[in-house]
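A, B, C, D, E and F are the chain letters, set down in written order, and residue numbers restart from 1 in every chain.
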Amino acid sequence: MLTVQNLFCERDDRVLFNRLGFSVAPGEIIQIEGQNGSGKTTLMRILSGLSRHYEGDIFWRGEPVEQVRDDFCRDLLYFGHQAGVKAVLTPQENLRWYAALSPAINAADIDHALEQVGLRGFEDVPCHSLSAGQNRRVSLARLYLSKAPLWILDEPFTAIDKKGVAAKEALLLRHAQRGGSVILTTHHELGIRGPVRKINLDQCAGTST
Amino acid sequence: MPRWFYQLASPRWCYQITGKLLPGFAVAALLLLAGGSIWALMFAPADYQQGNSFRIIYLHVPSAILAQSAYMLMAVAGAIGLIWKMKVADMVLKSAAPIGASMAVLALATGAIWGKPTWGSWWVWDARLTSMLILFFLYLGVMALNSAIENESTAAQASAVLSLVGVVNIPIIKYSVEWWNTLHQPATFKLTEKPAMPAEMWVPLLVMVIGFYCLFAVSLMMRLRNEIIWRERRTGWVRELLIKQ
Amino acid sequence: MQTNSEDLQRQSLSGLFWATCRREYLLSFRRKSDLVNPLIFFLMVATLFPLGVSPEPGFLAQLAPGVVWVAALLSTLLSMDALFRSDYEDGSLEQLLLSPQPLFLVVLAKVLAHWSVTGLALTVMAPLLGLMLFLPAEGMPGLMLSLLLGTPTLSLVGAIGAALTVGLRKGGVLISLLVLPLYIPVLIFGSSAVQAAVTGLPLGGYLALLGALLALALGLAPLAISAALRISMSS
Amino acid sequence: MSFNSFSEFMAMGGHGLYVWLSYGLGLAVILINVILPRLQRNRLLAEQKRRLRREEGVR
Amino acid sequence: MQTNSEDLQRQSLSGLFWATCRREYLLSFRRKSDLVNPLIFFLMVATLFPLGVSPEPGFLAQLAPGVVWVAALLSTLLSMDALFRSDYEDGSLEQLLLSPQPLFLVVLAKVLAHWSVTGLALTVMAPLLGLMLFLPAEGMPGLMLSLLLGTPTLSLVGAIGAALTVGLRKGGVLISLLVLPLYIPVLIFGSSAVQAAVTGLPLGGYLALLGALLALALGLAPLAISAALRISMSS
Amino acid sequence: MLTVQNLFCERDDRVLFNRLGFSVAPGEIIQIEGQNGSGKTTLMRILSGLSRHYEGDIFWRGEPVEQVRDDFCRDLLYFGHQAGVKAVLTPQENLRWYAALSPAINAADIDHALEQVGLRGFEDVPCHSLSAGQNRRVSLARLYLSKAPLWILDEPFTAIDKKGVAAKEALLLRHAQRGGSVILTTHHELGIRGPVRKINLDQCAGTST
């Protein structure tokens, strides 16, 4: 689905990756690995189209992604370092707005998704009185709602407890089995057995540590 | 689109062509400015009303004109940069802002200095003066935005949006300010409406105006070339250039 | 089929617009301070004048149109900074930019919602200020009408500034530098309208001008805001 | 020539302060616009050359 | 032995004071915009008045003392919000509260550093504003002296408000609600001092009052600020 | 060193823990466990003295902690969810200020500490152009500087890569061996063999998930 060719990016005179190329097929899970500061977040932001500081080509279903930006956005779910959760709104209200943002989401599923991420009983609590992990969970509930085939997840397991991580891993696997693709970064050893491919950014242009 | 337009899009070509043009403009600017000032200070006749303070016009008007032209240039460059994603246009925008701002300062300062002997006051809230002050603020805004954003290309694009918004507003500002002032009070002091100057007065003025344009070109090209080297520092040709020197 | 899908899309667009409005209202009603603070600021600027300048009614009446307009302008300006900042900080803005829906629509909804809790509220409160500053009663309709037509323009133009500075670590004051010069026409026409109303001159011309500015801003600002947001976020 | 003597030239008919202040400022602005980019260029070139040497050295 | 350890401690305290000052200066010089923006805001508020009210020199001269003081007050007020906010957001404030060093010292250093890049700078710039508003030349020394004595009080009192609102999700305008009433005495004495200077009356009395306010603020505000910070953070 | 007795805390009418009691001896590492939202962060903030919303007693070296707040602060290093790193300052400048804050820290060790956390070469880069993990590392460098015996660390390993986590674990162990104590939360399985004691908050008053 997504093909990356010859990607080059530098920040502050330091080359993060050079001639990076890979492609993501339906049903694949790709884990981007690398030390702190190796450029994982930068890569995720480039792939999702948030950042344009790169050279090289990215194709979406065979077309340059710049030209099919709208289709691409329709098919993408991006989960960044920041959760995108409004502190004064409740989990429900937060998700309702996301449902309005992506036409494919069905607003009726929200309660179900919240239950899935273990926030039952917290639907009506403003998010600022939830814990760090619970806040991340609100945002992760989008994974249960989304019908987008491509998921780009930047450290989705941060602050999530062990049971939660296991549940999310199962979800990723299910998504892949249904023909979706996942690109994710995590410093955590994935417990998924299956179609996981690893790409190590340290090998593209090592950082000294 | 003519060929030179595409060539201009190449920083390298732009660097080379400005390198060739720069000496010519520099010499022209030097000659015109020096000649014009001497003419203005020594040979132009004094105004029958304002006396010798009139000689300030030879700095005041060119700098005021330049301050306005530089903003236009910035906006045009901004539009080109946003529409055609032309890097050189971004750099022109960034380089023009401080020059334009310095011209606005000069226009304001000479105006204020001139105002003291003529009107007995450093400043009045006259339409022209006010709109020049606002133009100066617009410059400051572009420069502040440019320096506040670290990433160069983001900074350039943001300033381009701002200067375009500004350029839509400049006629509105000018019009509104003019109307406001004539409305509140009949202008006590009027800037002389295109006085029927004798030729020995306006010819040096013309010389100075052209000289200021040349100076503007020189300064713009110098800044542009710096900008090009900085932005293209990774490319082979800049590397060669550095080694050669 | 074709029309049906178009219909659906149109429906989802208006749904988006209202969902965004609803969210913004929720956000500002949840923390009430957001709602009343611009108003209180407005009120206080007006209070500072009699204290700082002179308490004499005749003198204050002369000042009133200008002071009310300046206060409205500053109070809008100050509330502007928050428009996109919290969305930026918690990551909602990224999500917004990556949504397949047209950005300018969401932006327009946000500005509208913002205006209705600041500009509109200021307009409603303005007569109180007028009273405090001894503005003659003839001036009141002019004051309210000019604010009603002028403050949306202020919000729209201010949002451009907010969008340009959102990625910066602190845009709070930078935004005023960018935006204040652009506010000047609105200030001039607005306060002139009030003065005209006070002296009994016709104020239709000023209101028409304010309306024209509003139309221009309504047409161009959402595009500029969207572009600015994309630019700010791409660094 | 509108002036008969140098002192008359300096006095500018009583407006000397204003005229010379203006021209002084004008000269300053003109010089700034030429000198600042020049200094910037020198600094930039030196910096970039240093960087080049450093990178060459590393390699 | 006893004295030696006391000596050491005193040394580490003054070290802390200067380290904090240095850090604050670094922070504001790092992003230059922080430094010039209050000044530019000051300038622009002063520009809005002739535009909004009337460009007539005689009228403006009457307004000038009040407008300059109101502008200084607003500009200090607006810059106040940032004093602790960024420390709060990035967690430095927690570290500060948990440090074994006396909190009021760090707070005092922060306020001082803040004043010297806003209040002091405003004082230096005030004559320009006076000029723009046709303040008679006799008023200038009074203007500068009153600002010099008044702005530190504004910074100190504003910091209390900043400390009280730092834990809230958005104090930006709430702070003005808290602090403006406390600013009023400074505004009154300050603008009266300038008016006295303009009319040639003695202004020693006003300056003495401003000085007394400053002494009071200097004595009490650091303690109040520290207490407010602890309260805000303990929720 | 630290003794907690009968601690009770509720938030929003939900009891987080009740009759919680434990004590920390020198040389001990205590890991607070629990699901998301079980109250770990709340407990850490209470222990460090940042939050006062609790009932019960906390003693520091036998004295009620409220009465020896100053001594306690001198002996404490707290590391919270937020890193306490100023984005426009460089790592060096950030740490220098921390050195001024705690008299026990020796400013000369800063460079060494930065090297230890793998930020060599980034000393002069403003922190906003560091990655998420690198920012955390700046703050973690305080662990290398500190001479405080009690460390309270709330999810110190967030966003840190595997190598970094291993190094930090070794550091904790060394601190314990020297007679210091550590109280930490993490969702990650600690690789330390040794004096680690676990306290599970879910058992004090379970949250439903």
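The rule we apply is simple: a contact is a pair of C-beta atoms (placed from the backbone, for glycine too) under 8 Å apart; a residue touches a chain by one contact, two chains touch by 3 or more.
Because the structure is a prediction, the values reported are computed rather than measured.
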{"item": "Fewest touching-chain hops separating subunit B from subunit D", "value": "1"}
{"item": "Chain pair bearing the highest count of C-beta contacts", "value": "C-E"}
{"item": "Rounded Å distance, subunit A centre to subunit C centre (Cα mean)", "value": "36"}
{"item": "Chain centre separation (subunit A, subunit E; CA means) in Å", "value": "45"}
{"item": "Distance between the centres, which are taken as Cα means, of subunit D and subunit A, whole angstrom", "value": "54"}
{"item": "Separation of mean Cα positions, subunit F and subunit B [Å, integer]", "value": "57"}
{"item": "Numbers and ranges of subunit C residues touching at least 2 other chains", "value": "31, 86, 168-169, 174, 177, 180, 184, 188, 234-235"}
{"item": "Sequence positions of subunit F contacting 2 or more other chains", "value": "81, 87-88, 129"}
{"item": "Multi-partner residues of subunit D (each touching 2 or more other chains)", "value": "51"}
{"item": "Subunit E-facing residues of subunit B, complex", "value": "121-126, 130, 133, 137, 140, 144, 147-148, 177, 180-181, 184-185"}
{"item": "In the complex, subunit C residues that touch subunit E", "value": "31, 33-34, 37-38, 40-41, 44-45, 48-49, 51-54, 59, 62-63, 65-67, 69-70, 73-74, 78-79, 81-82, 86, 168-170, 172-174, 176-177, 180, 184, 187-188, 191"}
{"item": "Touching residues (chain side subunit E, partner subunit B) in the complex", "value": "31-33, 36-37, 40, 44, 47, 50-51, 54-57, 60, 131-132, 134"}
{"item": "Footprint of subunit C on subunit A - complex, ascending", "value": "48-53, 70, 73-74, 76, 78, 80-89, 93, 96-103, 126"}
{"item": "Touch list for subunit A against partner subunit F, complex", "value": "11-12, 34-41, 81, 118, 120-122, 125, 129-134, 136-137, 155, 158-165, 187-188, 208-209"}
